[in-house]
Amino acid sequence: MAGFDKVVTSYEDAMAGLEDGMTVLAGGFGLCGIPENLIQEIKRRQTRDLTIVSNNCGVDGFGLGVLLEDKQVRKMVSSYVGENALFEKQLLDGELEVELTPQGTLAEKMRAGGAGIPAFFTATGVGTPIGEGKEVRVFNGREYLMEEAITGDFAIVKGWKADRYGNVIYRHTAQNFNPLAATAGKITVVEVEEIVEVGELDPAQIHTPGIYVDRVIQGTFEKRIEKRTVRSAD
Amino acid sequence: MAGFDKVVTSYEDAMAGLEDGMTVLAGGFGLCGIPENLIQEIKRRQTRDLTIVSNNCGVDGFGLGVLLEDKQVRKMVSSYVGENALFEKQLLDGELEVELTPQGTLAEKMRAGGAGIPAFFTATGVGTPIGEGKEVRVFNGREYLMEEAITGDFAIVKGWKADRYGNVIYRHTAQNFNPLAATAGKITVVEVEEIVEVGELDPAQIHTPGIYVDRVIQGTFEKRIEKRTVRSAD
Amino acid sequence: MALTREQMAQRVAQELQDGFYVNLGIGIPTLVANFIPEGMEVMLQSENGLLGMGEFPTEETIDADMINAGKQTVTAVKGASIFSSAESFAMIRGGHVDLTVLGAFEVDVNGNIASWMIPNKLIKGMGGAMDLVAGADNIIVTMTHASKSGESKLLTDCSLPLTGKGCIKKVLTDLAWLEIADGAFILKERAPGVSIEEIQEKTQGKLIVPDHVPEMVFA
Amino acid sequence: MALTREQMAQRVAQELQDGFYVNLGIGIPTLVANFIPEGMEVMLQSENGLLGMGEFPTEETIDADMINAGKQTVTAVKGASIFSSAESFAMIRGGHVDLTVLGAFEVDVNGNIASWMIPNKLIKGMGGAMDLVAGADNIIVTMTHASKSGESKLLTDCSLPLTGKGCIKKVLTDLAWLEIADGAFILKERAPGVSIEEIQEKTQGKLIVPDHVPEMVFA
């Protein structure tokens, strides 16, 4: 019996079941901590009409940007986009829809989606275009917007290490949206740099408990740097 | 200049500013991970008319139970109480008010309080006495209750290790409500078993970042066991 | 013959599947852990913040910082994870737990459950029960079919204050295995030697009895 | 003389206090980190999930997994913590950050701020700016007092879509330090050599000029 062994050995198996029109939640901030191989597999599959929920949309030729090349994305839900020329073009041509969402609200919407909270209130966006059409309610004399949770058919996540049970830890600021996306996918797929023995990760130090994870795959990563800023060595 | 050094050396300093009528959020589940010395300091101060938000109320003579002895508590917000005879007596005598709150809702209320979310929706409690007087709203065909956040004048927290900046980690299941209470106190006081050097805790493995913490104190703990269950050695 | 507590736990254990994350309430549900079929892997979630609860510790390994939701000292299995109460109920409320087993005072034909409060008796609180019944899709309620004085606990309408509304679909009593659908209890199995008549007599809510109601089979 | 970008950063840095947790936006706000007074400890929060941002790495220590909210490669100071975006914005939204410094296109006498969207131009998004202005009590907006063509950015009503409503109380421009209260800008300090008349001329919204408006002092 398979028990809790969630390891798959091919990217094809990792993304099995992805269909046209689905919603995919993706971890990552800029190009940091993005599930680059899972994104490539979505490109290989040529799945279309996708809604992608991700803080950003990669760059031309890397990260989620590659899904624009064959117009696989119908709609992006993001806080900041347009680091890529193709994105801009498809947006202006009306081939791509964008739902801009404040970064903290986006993070909280994913967390809520995973946590069974259908909606919450936040002061973020009150009196701005983001608040249009949304319910405003006063608590303690201050106005708040009601924001609804986000869930996805798939969540694609980049971890650092995972065990076969799907317990995951993230490395440095490559954590970002990854643990939130992980909780909110009907099917959550995590690609990692290393699969470790069950019991190797400290139970109190696991970022994403295996209960949220359906599939784990080990990959190799380019980890492209978007803005290389350095100082000279002392 | 003091910078980020949050260490205090006496329990009197740790609870300085606590006044009659305040709301105190306390970490712990049963007697596990309770801030036992901070509770004792509240008793020593004889602060009265307190509202205590804590999953449980300790036992007779230990944990939050000691605050009942001199009738310091006006109201408890908890999910499960009555492991102590004194609690039962004061409740029946009308000397103590109890607001029963489902455990998950209580945890989420504290988390929301710390995260600037004034209210959220949950299916927990719909159609039960807990839902009376609360707004019910339908999302995706299901009914949910609106629940409001909880914040406190003080949060009292039991950690395992902390550094001088107030970065905290918890040990095993002594984590429970502690990191949630820590985020939601105007003044958050953490007592720990060990104060470690700044830099000793792995930045990616900190349960409570120092930004939530105002005071840290090192103590010694009895760690009483409420239900001792053992098997014979193999 | 009515099932013993152990038999009830054993019958519930037949509903387990390999790879299930399971939350077991206090009492009979806890006993289910003793009947996990050989070779099957099940992970126990304890709502105080432990996924992968293990057996009790020995006198040598007991640790005040390692308890379950029943406040018993426990251990963690290999591959366990430990987290805050907010994270724990995110799992529960978010529907990530595959099976929840808990006791009750009453259930009714609309899937309502009453398990925490008896008016005019001391109320200790609901703990995590309201979150568990609201969050789980797959819940099994375990309880005796009737009270000691013979009053049915399977009702048209729960008489006691509810723990959750419309959330129960499966009930195991000491007499029967029942499912709840379309405003009725459907009798799926009966305890060995228990007659359909006895079950009918002790079920106050609408009971649908199929043509064939097999006896439970225990290995 | 109008302040340089460095002088603006220097003036903002005078508002820092020992032990402050600070979020610095892109542009002039980022420069503030260069003017933290000697012996003062300030911790920088970066909303992608880093509390305790340090200097840029060297070529040898650069790490793709360690960036700030501007997507620049950075380091972490001793005592830093790293967490998810949800936790990061819990800090921000929950009001735990002591000071937020960010740029803007316009602010108005009611404390409204517009900083993210110019209609009919490509909209890239608000990133974390809406959360930052809604979450912080203590915000300093840094911007030039007027556009290159001389149009005031301190208005009666913001003309551009808002980033936040009624949340700005302090503005540092290249000409002046102003506070916003009771529907007006209050001129608190002026840049060295800048006349009150020039500030009045370049401020479209109601401006209150106290009897004494000192010049800024730079160490």
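Going by the order they are written in, the chains are A, B, C and D; count residues from 1 in each one.
As a convention for this text, a contact is a pair of C-beta atoms (placed from the backbone, for glycine too) under 8 Å apart; a residue touches a chain by one contact, two chains touch by 3 or more.
Source: prediction; values computed, not measured.
Visitor: Suppose you hop from chain A to any chain it touches, then on again the same way; how many hops at least until you reach chain D?
Guide: Each step joins two touching chains, and the minimum needed here is 1.
Visitor: Tell me which has more C-beta contacts between its two chains, B-C or B-D.
Guide: B-C
Visitor: From the mean C-alpha coordinate of chain B to that of chain C, what's the distance rounded to whole Å?
Guide: From the centre of chain B to the centre of chain C is 29 Å.
Visitor: Suppose each chain is reduced to the average of its Cα coordinates; what separation in Å results between chain C and chain D?
Guide: So the centroids are 55 Å from each other.
Visitor: Return the distance between the CA-based centres of chain A and chain B, expressed in whole Å.
Guide: 33
Visitor: In whole angstrom, what separates the CA-based centres of chain B and chain D?
Guide: That pair's centroid distance is 35 Å.
Visitor: Identify all positions of chain B at which a residue touches two or more other chains, and write them in rising order.
Guide: 108, 111, 115-117, 122-123, 171-172, 175, 203-204, 207
Visitor: Identify all positions of chain D at which a residue touches two or more other chains, and write them in rising order.
Guide: Answer for chain D, listing residues that touch two or more other chains: 76, 82-83, 89, 92-93, 135.
Visitor: With chains as vertices and touches as edges, which is it: line, ring, star, complete or other?
Guide: Shape = other; not a path, cycle, star or full graph.
Visitor: Just spell out which pairs of chains touch, all of them.
Guide: All touching pairs, sorted by chain label, are A-B, A-C, A-D, B-C, B-D.
Visitor: Using the touch rule from the top, collect the residues of chain D that touch chain B in their complex.
Guide: Interface residues on chain D, with respect to chain B: 18-19, 21, 39-41, 43, 45, 51-52, 76, 78-83, 87, 89-97, 135.
Visitor: Which residues of chain A touch chain D in the complex?
Guide: Those residues of chain A that touch chain D are 29-33, 55, 78-82, 88, 91-92, 100, 102-108, 110-111, 122-130, 143, 160, 171-180, 207, 223-234.
Visitor: Quick check on the complex: what are the chain D residues that touch chain A?
Guide: Touching chain A: residues 46-50, 55-60, 62-74, 76, 82-86, 88-89, 92-93, 112, 117, 122-131, 134-135, 161-166 of chain D.
Visitor: Which bits of chain A are touching chain C when the two form their complex?
Guide: Touching chain C from chain A are residues 1-4, 111, 113-117, 163-165, 167, 183, 198-199, 203-204, 206, 209-212.
Visitor: Could you please specify the touching residues of chain A with respect to chain B in the complex?
Guide: Per the stated touch rule, the residues are 108, 112, 115-123, 137, 139-140, 142, 144, 148, 169-172, 175, 202-205, 207.
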